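Chain nomenclature is as follows: A, B, C and D, assigned in order of appearance, with residue numbering initiated at 1 for each chain independently.
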Amino acid sequence: MTEFLSVNQLVCERDERLLFHGLSFTLNSGEILQVTGANGSGKTSLLRILATLTEDYEGEIKFAGELIQRVLPEYRQQQLYLGHSPGIKGPLTPIENLRWLQGWYQSLSEQAIENALTAVDLYGYEDVPCYSLSAGQQRRVALAQLYLSHQALWILDEPFTAIDQNGVHHLEALLAEQASQGRSIILTTHHQLNVPDGFIKKLDIADYGE
Amino acid sequence: MYFESWADFWAMGKHGLYVWSCYGIAVVVMIYNIWAPLAQQKRFKQRYLRQLRREAQQQ
Amino acid sequence: MVSEINAPASTVKPMLVSPGAAVWVTLCRDLRLGFRRQAELINPPLFFLIVVTLFPLGISPDPDFLAKLAPGVIWIAALLATLLAMDSLFRGDYEDGALDLLLVVPQPLFMHVLAKVCAHWLLTGLPLLILAPMLALMLSLPSQAYMTLIASLALGTPLLSLLGAIGAALTVGIRRGGMLLSLLILPLYIPVLLLGTGAVVAASEGLPADGQLLWLAVLLTLGLTLAPFAIAAGLRITASG
Amino acid sequence: MNWTWFHKLGSPKWFYEISSRWLPWLVILTILLLVTGVVWGLAFAPAERFQGNSYRIIFIHVPAAFLAQATYVLMAITGGVGLIWRMKMAELVASCCAPIGASFTLLALLTGAIWGKPTWGAWWVWDARLTSMLILLFLYLGFMALQASIDNMKTAARASAVLALVGLVNIPIIKYSVDWWFTLHQTASIKLTEKPAMPAEMYYPLFICLAGFYCFFTVVLLLRLRTEILHREHKTGWVKALMSNKR
């Protein structure tokens, strides 16, 4: 259980409204942090801060003991960020989408991508342009990255939206398996995660609010 | 005084129109620059005083 | 395939991709995207053609008069065509979330931005370059000025794309940012327009035009080195907004 | 790190108190300088050999043109400081500079055009200086339009700071390309009355007017800054206290 990420006294203000202050937690490798809170309470802002998308915050974030601003390339190499909108390009096929989504981090074999797509049961849709897929299927193309990614930290914003029932089971099984192998995961979701609670750590934004 | 009489001063040797229109525009721009922030300040003050009074009533 | 990941993640160093390869991925993706949307690909050259045909109809078809007008007309039409195509540079990525992914890549952002602008230029700037001689023919530009026209456009249109990309990065977060983009960027286009038309006018009068072309090359190198940083800063600011 | 001291310098409350003390003196100095400069220039300076009295417009046109360019440089630099060190005061100064700079650019443009009528015979002449001034006005309008169209105040300030910096890098390029373009297309009538040589009696009122304009700019900037500070800090205690006791 090495300490992967430590956040202390984080303050975030958005349009003159104080979202949260004094927010602190540590995330060890092999842990799942579930961030809960009402809509608009700052969950997405917290995730965007952790994904180094924005620097509009006060407080310290340390990655492996080092201030994040100093080790930005290494941190970003180790992080996979899945935002609200999955970032899937309509005219491109799932294979082409996955090739560039993961292409910045590692070189991929054709076989690896196909296996990832079958893992999110998109078998047979490999070379269909994504605009003809449903929203749920497009999200699953983005989720297929999880089967390919080597990164040590996953930051997932509402990964379960528009996913059907057995897709949710698959994803929960994957998260539990990856956490047991030392990957740390931060995610926001509304529904109750049934994952062995050895890994789960909850953080409610509301108790750091105004 | 370079000009003999006031009439000469206003006429500016047949360039009066141009010179005085320029100075007129300059005065207008200066007054606008002074008036705009003060008017805005008055508007903000009224809005916040009303807000303060509303908050005072709520308590 | 699953066995590959069972070693604890933090110890397995992923096969690192060299920055060049990562930038190549962005470039290929944008080019593939551009070619998949044939309909949008035809717009800039078509606009360029239509705007130039307006001038003989609007002013006068007399060849000598048009010859004097030709450099300015072609350059202004190329400038407006580039400006119109600028809005689509980041707009698509911003709307479907791909821009956020681009902002957290391990490689320096200005490299990817340079790749995107280069892909955008290949899709919108290059067709203007190919079409320009035909339009010069229509506007009866003196034949000795053709090479200079192509040279000035070859140096000028990438510079227009770079400067326009700065405006696109700043206005991508704004709902109807297209109109605002032209207000922000047109003042910056003026030196390029003056040098470009100056070169072609000098060439059509038989005078040497390499002075203007060299200055265009100077501005292009300045743009290539400084603009990507401004674009990257603009994107980061828009994303944190 | 030493920037905490630098940050204290930028705290709005401290700035508001300092400006309350300095503002009255500045206003008196501005009135003094402007009155003496204008009266001296208009009434006592001798007429110019070629242009007669129309050259007296110079006492407004030149200070306004200087101020327009100086304000843009100040705007770009304070915007840059606000962008790099995230200083709230620097961002405020940059956003307050823009309207003042734009108004002075407009003043310089109008007075330049009106001055052109008696000397060059046309209301608008594509003279190098006037054209550069017109482009500077577009840069100001672009800055203000960008600032107004982004809702989040912090992003608006930082996005327009980037634009101001890009504009600053381009100003010399625009200036030289316009000058080069102008000398290429120079029509005969303008070449005749190039910059008139200025005898000493005309320089003194010009310098006084220039100083007066700079003081006026500082006064107006302080006014705008104080308004902006009250607006942005209205939630803080000291602004509430200030508001309630000042009727």
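Note that in this section contacts are C-beta pairs under 8 Å (C-beta built on N, C-alpha and C of every residue); 3 or more make two chains touch, one makes a residue touch a chain.
None of the values given here were measured: they were computed from a predicted structure.
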Checklist outcome for this item: Farthest chain from subunit B by C-alpha centroid distance is chain A
Next on the checklist: Report the chain ID whose CA centroid sits closest to the centroid of the full protein CA set.
Outcome noted: C
Item to check | Centre distance in Å when subunit A and subunit B are each reduced to the mean of their C-alpha atoms | outcome: 57
Checklist entry - Taking each chain's centre as the mean of its CA atoms, how far is subunit B from subunit D in angstrom? => result 16
Item to check | Centre-to-centre distance between subunit C and subunit B (centres being mean Cα positions), rounded to whole Å | outcome: 45
Next on the checklist: With centres defined as the mean C-alpha position, give me the subunit A-subunit D separation in Å.
Outcome noted: 49
Checklist entry - Which subunit B residues sit where two or more other chains touch them? => result none
Checklist entry - Tell me, which residues of subunit A touch at least two other chains? => result 56
Checklist entry - What positions in subunit D touch 2 or more of the other chains? => result 152, 154
Checklist entry - Which subunit C residues qualify as touching subunit A in the complex? => result 1-2, 5-12, 14-17, 21-22, 25-26, 28-29, 32-33, 36-37, 92, 95-98, 100-101, 103-107, 239-240
Checklist entry - Which bits of subunit A are touching subunit C when the two form their complex? => result 2, 4, 29, 48, 51-56, 73-74, 76-79, 81, 83-92, 96, 99-101, 103-107, 111-112, 115-116, 129, 147, 150-152, 178, 181-183
Checklist entry - Any idea which subunit D residues touch subunit C in the complex? => result 83, 135, 138-139, 141-142, 145-146, 149-150, 152, 154-155, 158-159, 162-163, 165-167, 169-170, 173-174, 176-178, 180-181, 184
Item to check | Interfacial residue positions of subunit B with respect to subunit D in the complex | outcome: 1-3, 9, 12-16, 18-19, 21-23, 25-26, 29-30, 32-34, 36-38, 40-41, 44-45, 48-49, 52
Checklist entry - What residues of subunit D sit close enough to touch subunit B in their complex? => result 38, 42-47, 51-54, 56-57, 60-61, 64, 99-100, 103-104, 106-107, 110-111, 114-115, 117-118, 216, 219-220, 223-224, 226-227, 230-231, 234, 239-240, 243-244, 246
